[in-house]
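What follows is a pair of complexes built around subunit A, which joins subunit B in one and subunit C in the other.
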Partner chain A sequence: MITVKLFATFREGRGKEQVFDEQVLRTPRDICTELNIPPDSVGILLINGFHAAFDDELKDGDLVSLFPPLAGG
Partner chain B sequence: MNTTYNLKRLRVNLTDRTWKVEPIDLDEAKKYIGGRGLATKWLYDAGCATVDPLSPENLLIFANGPLTGTNSPTAGRYMVITKQPINNKIGSANSGGTWGARLKYAGYDAIIFEGKADAPVRLFIDDDHVEILDASDLWGKKSTECNDILRDIHGEKSNSLYIGPAGEQLSMLSCVMNDTDRAAGRGGVGAVMGSKNLKAITVKASRNIVDAYDKEAMKAAFKRSLDLFKENGVTSTGLPTYGTAVLVNIINGIGALPTKNWQEAHFPEAEQISGEELAEKYLVRRGHCHRCTIGCGRVIEREGREVGGPEYEPLWAYGSNCGVSDLPSINEANFQCNEYGLDAIGTPTTIAAAMELWQRGYIKPEENKDLPPLKWGNGEAIVEWTKAMGEGKNELAKLMAQGSAILCDHYDAPQYSMSSKRMDMPAYDARAIQGIGLNYATSNRGGCHVRGYTISPEVLGLPVQSDRTETSGKAELVKLFQDLTAAIDSLGVCLFSSFALGAAEYATLFNAATGSSLSPEEFLEAGERIYNLERLFNKDAGMEQAEDSMPDRVLKEPIPSGPSAGMVSKLDEMLPEYYAVRGWVDGFPTKETLERLLIASEVTN
Partner chain C sequence: MFTHRYDRNQPLISSKKQSELREVAVAIVGLGGLGGHVAELCTRLGIGRLILIDGDAFEETNLNRQRFATESRIGKAKVFSAKADIESINSETIVEAHQVWLKDEADIDFFLDADFIIDCLDNVDTRILLGDFSVQLKIPLIHGSLSGWEGQYGLFLPDKNYMEQLYAHVTKGKAAVTANLPTLPPIVASMQINLLLAYLLNDSHLHPNTLFRFNVQTHELTKIGFS
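The block that comes next holds the complex of A and B.
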């Protein structure tokens, strides 16, 4: 199973967290398609706390975090 | 020919209660841009590096930049430049709101205070009319009341800055406050104001525009900047919707949110203190500084009145760093910080250090009778101890109001002060993000993220992603960010504009405003000049190379859990390279470097 955490505006209509089967959705790109989030609207993509690419292969137990473009100081 | 400089500064001698207007040299102003850069030059030339920061000999300078008060986006900043008491280094604090712009409209680029009044005074400026007034009635007043009283006296169109009780009591954590909840924080600049018996400065002005050198070019540069703001996801949506508070979940997500005084770097309850939670449950509206289209400020309600809500830094410092997940307590503690004029980073980080001293048995329960125990996660404690520190309520609170370095020294446990150059490090764990650690260690004023905010590339991917775990290339990155920031600050614009703008846009605005012709590279070089001058100041003030460091916890104790488990800062790999790219030997600029930056003649020893 893969846990997907959503933040800021990505939560609207999608909730804070969703769970997917890595056999079905194999990459963050697949997850974005499923959640109707265009990859170019993603500011930060993390897999297990590390910056990752949309075509990285996901494995059982992974935590994917998706943030829109955000900043602070 | 007009420029956005007024080319006038006010010099106020508080000892004999006199003032005069002095001219500012245009070439010198351009060379150091203004604000932070130009005022540092004056402070350096005046020999303040070797004076006691809280003595009448120290100068206290308030300066705006050439863009302050213009239509340029986010251009409402003023800077406080002085020798800061927390560590005897260059003090360089910066604040938004409207006060800085008002000073520009009144006709001044800066005010220099010297000496010390024999009783509390305040300054009132209305264009050419300048008065030093008695302030004994205001002494002891907190921010909201002080601001309200001065508004009642001088009208809605006046703006005031002031110190709270913390500054009056010479706390090393005291800020200069303006417009109720805006702070020029860190380093104890409020104590310098308090040491001079100066409570407040109120400014009124009959105009509200500034003439640029080239009005058409200025308009075009302004429009281009606004377009970039609109195109950029951070400045158009991210910051306006969630403010800086949105960082809580991001930084926790990568395992870099210092928790329980940096004993850990991941806080399981982060969601409860996040920007999303704040926006959903407490946000009343956004807060804007002078003519800022972003409006990253968080306005919340307290007892029927709108007040400033917490930014990311206090959310972290009162939150995970004290183990607290109770957002209403954090909101209240942050409010009290502003009321007393305390640093909303250094105050909670000192409370966190005290909590660790309590945890380890250094602070005994009998030392804090009448106040809630300094236990991790105690929401009541963060509120009550903030107030106690602001009031100097008991011996321990008085000690804590001097910051974590003095507190931990007192208990002979300096290892629990999470500071660099005796100023507490902010909300990003330097073990998990290599570049920011190099920036903390080499920051001229001490542990500070906004000297070189490498979080942009290392975490937020702005403008491009840099691997946070890597050390290679970080020396150049940190230098670039430190130099650019010194130049941006000196312009009088908010650092957050840099999420959308780069050196080219800033140089264009500066050139149109002042009649200069800097390339983007020369603009950056001006920032480098300022950074090196600050370092020269510190050298004269007795700084040693070994102070470019961080606590052992960061250098030797691996993060115990979370996504960044096992990491430590590899400062020793980056620091020699950093000195090399800066043209420094043993932590200080070489003669060749100073000659390249055209500041060799400024060296005083």
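The block that comes next holds the complex of A and C.
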């Protein structure tokens, strides 16, 4: 199973955390599609705390973190 | 004349270190929510020279949070207002004010004398340009940004353009207009200057190339390493 941790506005209507089957959703891109989060609205994408790409393959036990970008000053 | 100005910086900042701070030049890019507070904190810390860069003028919506925004300054250049207030806090601080928008590589000339770049911007493209300047000039970049309940900050060494990595997935352009409360900019600005101070004091607790992301509503703090 994959745990997806969501931050800030991504939690609205989705909660803080969701769990998915890596056999069904194989990449962060699949997860974004499932959660209705456009990849270009993601600021930081981490797998197990490391920066990752949307097409990286996920494996059982992975923790995916999705942060919206912050660009205001 | 004001010989006790820095008494309360001691002993965390020694007299020797305090005098060294007078020789430090900091370029502050963006004099809005973050940059106003950053400029004030640098001044009160005793940084000797500030290079202020922002093409913008104050508007009414700035009054809720921007350090140097006043009703009488609406329509006036942010950098010159900042310079006036900084000099009223410390007449010995050397302030260069440039009312310009950074556009391209040629603008590196504004940073030639800087020891640090402090990113107080509101858009991704110029942040990536600052990342380039940081690498070319081999000076650290101290990033800060915020939106809604969240803020982030980090000190990035000049070994690569970390801003490209930080905003790798993001569509470029000016940030969407979102809530920008009075309470967030002073926190992020203060943490940016704490990082500057930690670097200048060679503090072993400094975590360079790390983004600290926090939420003031949920009180979460996440450390995100960059490599």
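Definition applied: the second predicted complex is superposed on the first by the 70 of 73 C-alpha atoms of A that agree within 3 Å, B and C clash if a C-alpha of one lies under 4 Å from a C-alpha of the other, contacts with A are read in each partner's own complex, and residues count from 1 in each chain.
As a convention for this text, a contact is a pair of C-beta atoms (placed from the backbone, for glycine too) under 8 Å apart; a residue touches a chain by one contact, two chains touch by 3 or more.
Please read all numbers here as calculations on a predicted model, not as lab measurements.
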- Between subunit B (first) and subunit C (second), which, if any, makes contact with A:G72: first, second, both or neither? both
- Message: If we overlay the two complexes on their shared chain A, which of subunit B and subunit C does A:P39 touch? Say first, second, both or neither.
- Response: second
- Query: First (subunit B), second (subunit C), both or neither: which does A:A8 touch?
  - Reply: both
- Query: Of the two partner chains, subunit B (first) and subunit C (second), which one does A:N48 touch, if any: first, second, both, or neither?
  - Reply: first
- Item | Common ground on subunit A, meaning residues reached by subunit C in one complex and by subunit B in the other | 7-9, 43-44, 46, 49-51, 65, 67-73
- Query: Quick one: in the complex, what on subunit A touches subunit C?
  - Reply: 7-9, 39-40, 42-46, 49-51, 54, 65, 67-73
- Message: Touching residues of subunit B toward subunit A in the complex: what are they?
- Response: 232-234, 237-239, 241-247, 249-250, 253-255, 271, 275-276, 296, 311-312, 449-450, 453, 455-456, 459-462, 465, 467-469, 495-496, 499, 562-564
- The residues of subunit A that touch subunit B in their complex are 5, 7-9, 11, 16, 41, 43-44, 46, 48-51, 65, 67-73
- Task: State the interface residues of subunit C toward subunit A in the complex, per the touch definition above.
- Result: 30, 32-35, 119-124, 127, 144-152, 165-171, 175, 178, 180, 185, 211, 213, 215, 220, 222, 224-226
